[in-house]
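Common to both upcoming complexes is subunit A, partnered first by subunit B, then by subunit C.
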Partner chain A sequence: MSAGFSWRKVSTEAKLLLIGIPVALWTLLPIYHLALFAISPKDSAMSGHLWPDHPTLRNFVIVFTQQHHYLEYFWRQMWNSLVIAVAVGALTLFVATGAAFAISRLRVKGGRAVMNLALLTYFIPAAFLAVPMYKTMGVYGLLNTQWALILAMMAIAAPYSIWVLKQASDKLPYELDEAARIDGASPLQLFRLVYLPLMMPSLVAVGTYALLLAWNEYLYAFLLLSNDRELTLGVALGNFLAADDSPWELLMTTGLIYALPPAAIYYAFKRYMVGGLTAGAVKS
Partner chain B sequence: MKSFVKIAAALAAAGMLTAAIPVAAQETLVVWWVKGFYKSEDDALFAAIKKYEAKTGVKVELSQYPVQDMIPKTVAALDAGNPPDVAYADVYDFQVTGKWAFEGKLEDISDIIVPIKDRFLKNTIETTFLYNDKTKKKAYYAFPLKQQTMHIQYWKDMLGEAGFKESDIPTTWKAYWDFWCDKVQPAHRSKTGKRTYAIGHPMGVDASDSFYSFLTFMDAYNVKLVDDNGKLLVDDPKVKAGLTNALRDYTSIRTRGCTPPSSTSWKDPDNNVAFHNKTILMTHNATISIAAKWLDDANNPALSAEQRAQAKKNYEQLIATAGFPAKPDGSKFVYRAAVKTGVVFDLAKNKKRAKEFVAFILNEENLQPYVEGSLGRWYPVTIAGTKSAFWQGDPHRKAVYNQFTAGTVPFEFVRNWRFTILNNENVWAKAMSRVVNDGWTPEKATDEMIARIKQVAG
Partner chain C sequence: MANVSFHAVEKAFGTTKVLHGIGFAIDDGEFVVLVGPSGCGKSTLLRMLAGLEEITAGTIAIDGKVVNDVESKDRDIAMVFQSYALYPHMTVGQNMAFSLKLRKAQPNVIQERVNHAAKILNLEPYLDRYPRELSGGQRQRVAMGRAIVRDPKVFLFDEPLSNLDAKLRVAMRAEIKALHQRLKTTTVYVTHDQVEAMTMADRIVVMHDGRIEQIGRPLELYDHPANLFVAQFIGSPAMNVVHGTIRRSGGGTVVDMGDGVQWPLLDGPGVEGQSVAYGIRPGDLSLASSTAPGAVPGEIVVIEPTGAETELLVQAGKAQVTLVTHGRPEVSPGERVGLVVAPGKVHVFDQTTGERLAA
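Presenting the complex of A and B:
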């Protein structure tokens, strides 16, 4: 028996595998079926086989060339999703970074109370706020404009983002600010030259969080946008469920394509996500 | 730096204000319309809108939503006090038109309907004559656009595989269902070795197909749940007996194993899917969407030539559209028609133009291409529309035409809007579940169903 071998270790590994393999299968199975639909010809999409007899990329061609009635605005709607998600990510970062800096570093009077009030909004499920939000956007004449969705998503993403950034910035040594001030830095210089570079991992994490939140949003996008040309792709996918003869293979193909950008973004910034979102969660 | 911040803030505020202030320009009309099943439907709608815009100079702001999203979206807009001027969805009649009229949320459009009502089939115009509890009077609170009824579709080739011809299909009630269940299914299974089912029998609580089909079985037993004034008739012993018989017949197809076990949880697309996959030989469906899907595929350039040819063959040769057999008492079947309705809201900002637009859309030259754009899925509401050569164009459409011309009856919710609630909660499918899943007798399940009907619509 080698020195590295121990039954206890093997038993622990086996237990982990026994749990991990079913969990992995359970998680991957829907994704597998999503991909399976996407590469199945129309007439065998619902056949229930584990692998299509004649796998094809034809569905991707149909989607990319907008050959189906429900895909008339595929590229436009994909662009809308992207613009809205990036705008929500950028604007949320702008608001949250400013707020966190003011509360945590400038120690603005009442800042903490404002942050707590913002966090209180999470006690009300976002779905309950949908109709009031719809009404508000109507009052401001923003309905059926992408601004309506961008502002609504910002309102939803901002409190959590402020909290995360505030917690992270609390960890930065206050002496850095004092040193910069002694050197004559104004608050804006302090923000730009000291605060932003040190907060970069958290900023990336929060920006990604807000971007993905907006990318995956359905309810608010469905309510606030109306015209086919203004819709996000996520909402437009609902069109496929309108018919009792839904082209499932095209729905799944479009869904698969729609799932790729957030997956890519997540993996690109994964190393910031965990560290950034948990920064300051535990007092060091 | 301070001045830069001030300028940036001022620019941002100006931008927001600019976005918030509506630009005074062309007169607009906000129209929400269900997304068509086929491109040809939407194209006909777009053409009509274009003509209307050219004629009036009014800009139509059209938004289209999938059918399942139309009601949530419209309800949110109504709750927010900001509904569209005109709205149409294929599900309004089933779920909300009667309720909205009762609650006074709809504009009385009698002034545009009355002058043209003679152009419409009687049953369709009746459906839009609704009671408003605020004004305590009935008026035309909706406009009819198209209608649907129940059809039977079956695969002729599968019937042939089982060793039967179309002429073997019985025309009397009991013999008809026994034929599919006891003769065709075992024969098809033994000759093909496939685990097929004779009938696709929707029973899911979430499916409108299940309540439409059940109510059709109820019609077979001449059950009238309400009188012409909407008063409940469920205390009549004949009504209870008819309901029990309908429930017994409907559930027996499942208990005899003639429909897939999963049909108890089917949603609306599932009988279509089972039919297209050839796991069932026949199904009943509230439009000819099953056949029409193959016609659409036959003309779909995204499909391969072989797929198009097969789709054409399916539509033209292999699938049949038929009506129901004679009722159990031997009389001819009279089908219930669901008339699809659109509305102008009481809170609409541009009621004058909304009514003008509705009147324009209801012109035959606009309505007919829209209805026919659905490839036979929807039937016209106007007398002229039914006389179009389109309805004699192929055996499927002819079958639809024949069913409608034999006369139709309306749904209960036309007389008593609270039946929309009963349909939404699908008391009919719940009663089926009691028999099939809980082992209740049809009599006991009917008692529970009647109690609920009285509670809601009494």
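Presenting the complex of A and C:
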């Protein structure tokens, strides 16, 4: 028995488990059903059993080989999702980092006002902005191109990203900038050689946030893209429900596959996510 | 190396004026300490010299060239910050090499300069470490190393020792002084600690409320403070100051406290009836018996032995004065004693202006 054993510790653990187990079950149950559908044959998919009589991976084969008319562009749409998500992540990061640097480090006049205005846009639910956004993209001739969705998602992700990065930059000591200026750094060199390396954890967190936001987006993707070949996989999944005899097992299989990349990304960067997104939330 | 001059320098933040016409010159190779209580404008003045703050009015010149509109990086100065401001993501070596890299120096030149600085500062074993792996004193040395690799015209130090513990502070003080004696680079050093100022400076600039109170060599300021502020700021423990009226009648000139206590002025300055502040340093008082002729009577309040010296707090009339004496006097609290003023060590200041009265 370890030296740290005590009943007090056991009781604390027990209490945590008592809360943790129901929460975990609550969260995992839908995912379990998702997985259950994915490994069930078509005829028993809706049987309601807790485990299929004849579990199969056939659904995955169908999805990967695009053997259903709903899945005609599976790989293409998966690629679209990926390109759009990565583009949104990268471009948001580019815009937000620049803005945060200008506001927090260069102390550009009116910077804070601009940031607050941007944050103010969150008072309007994104759903209300969908139609104006559609109209705007139409005016610029971007409808039905991936740029429409990328730009729209950037507009949605940027204010929060700027705010998080600005808070994180505020925590870097200002003397570092002054030291670099005296050492001979131009603002761009300061940005590249001092600011970016020190902001890396926050940048990873914000980039991941924007990427996942775009990956999971449905409404805007549905509105701004219409050609099957341009769709993201998320919207394509929704189209499964267009018919009365929706292939539920394939829908769930595709859904499961669609859910894996975000999970992997989150897992890979979770060290940064927790630290980065809360950085600056509390003055330390 | 270079000289530095300030001419009628003013600084305002919005409508708040923090520096009111500062003017003085620093000679080539001189070690000048700006000292004053917090908020006196000393750091602001240093930051203006560094180019980190705009100059509201007046001019600052380095080597005869006005630098008001010259960028920090082009002023050829190096600065050591209170918080060290080391780049956390760079090793000690990279920190020191950074400025040279930005100036596109040859790699072998950079290497040579960094090694040279590391050798002077005993940092050679730490070149590959990160700042977080160093102690406070080592970080401070890296900050100095970063300054000296550049071989700048002027070194600027902004309270560099404030973050160190007392023992290390004394050690680093000596180290910075030794470094200056070795490199002979013009240095401007800001501190609120008058002991640091006294021990390190060639000349001290005492500042208060955005103005210069006095400029001079450390012992000059100590022996001949120009006004009451400098008198009380320089010296530890601080100078005793009591307020009274000059009486030149009767048995010798005195300053009468009005509470029965009279401090001997001997041949000190001032005219009959003048209200003055009478200053005497704790070390210029000595103990005598309470009945000794000419001694100021008092009662011991507190005794603070520090080993070599003993500090006594003595109640003399309404005033409390401090006395420092070598050795360990055999007195106890409540005991009546006499205070003897060392002749010629009295400082007299005008009560209203605070200016020193000429002897």
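What we mean here is this: the second predicted complex is superposed on the first by the 270 of 284 C-alpha atoms of A that agree within 3 Å, B and C clash if a C-alpha of one lies under 4 Å from a C-alpha of the other, contacts with A are read in each partner's own complex, and residues count from 1 in each chain.
Here is the rule we use: a residue touches a chain if its C-beta (ideal position, glycine included) is under 8 Å from a C-beta of that chain, and two chains touch if they have at least 3 such contacts.
Only a predicted model underlies this, so the values are computations on that prediction, with no experimental measurement involved.
With the two structures aligned on subunit A, subunit B fits next to subunit C without clashing. Once the two complexes are laid over each other on the shared chain, residue contacts for A:Gly98 go to neither subunit B nor subunit C. Using the contact criterion defined above for the overlaid structures, shared-chain residue A:Pro55 touches neither subunit B nor subunit C, since it reaches no partner. Applying the stated contact rule after C-alpha superposition, one finds that A:Phe222 touches subunit B and leaves subunit C untouched.
Comparing subunit B with subunit C, more residues of subunit A are touched by B.
Look at A:Val194: by the touch rule set out above, it reaches subunit C but stays clear of subunit B. In the superposition on chain A, A:His68 makes contact with subunit B only, not with subunit C.
Of the two partner chains placed around the shared chain by superposition, neither subunit B nor subunit C is touched by A:Gly20. After superposing the two complexes on chain A, the shortest C-alpha to C-alpha distance between subunit B and subunit C comes to 14 Å.
Put simply, subunit C touches subunit A in their complex at residues 50-52, 71-73, 77-79, 81-83, 85-89, 98-99, 102-103, 146, 150.
Of all residues in subunit A, those touching subunit C in their complex are 173, 175-176, 178-185, 189, 193-194, 197-198.
Residue ranges on subunit B touching subunit A, taken from their complex, read 1, 5, 19-22, 32, 34-39, 42, 61-69, 72-73, 76-77, 79-82, 268-269, 272-273, 276-277, 289-290, 293, 297, 301-303, 307, 310.
In the complex of the two chains, the subunit A residues touching subunit B come out as 41-43, 46-47, 62, 67-70, 130-131, 134-135, 138, 140-145, 147, 186, 188, 222-223, 226-228, 238-246.
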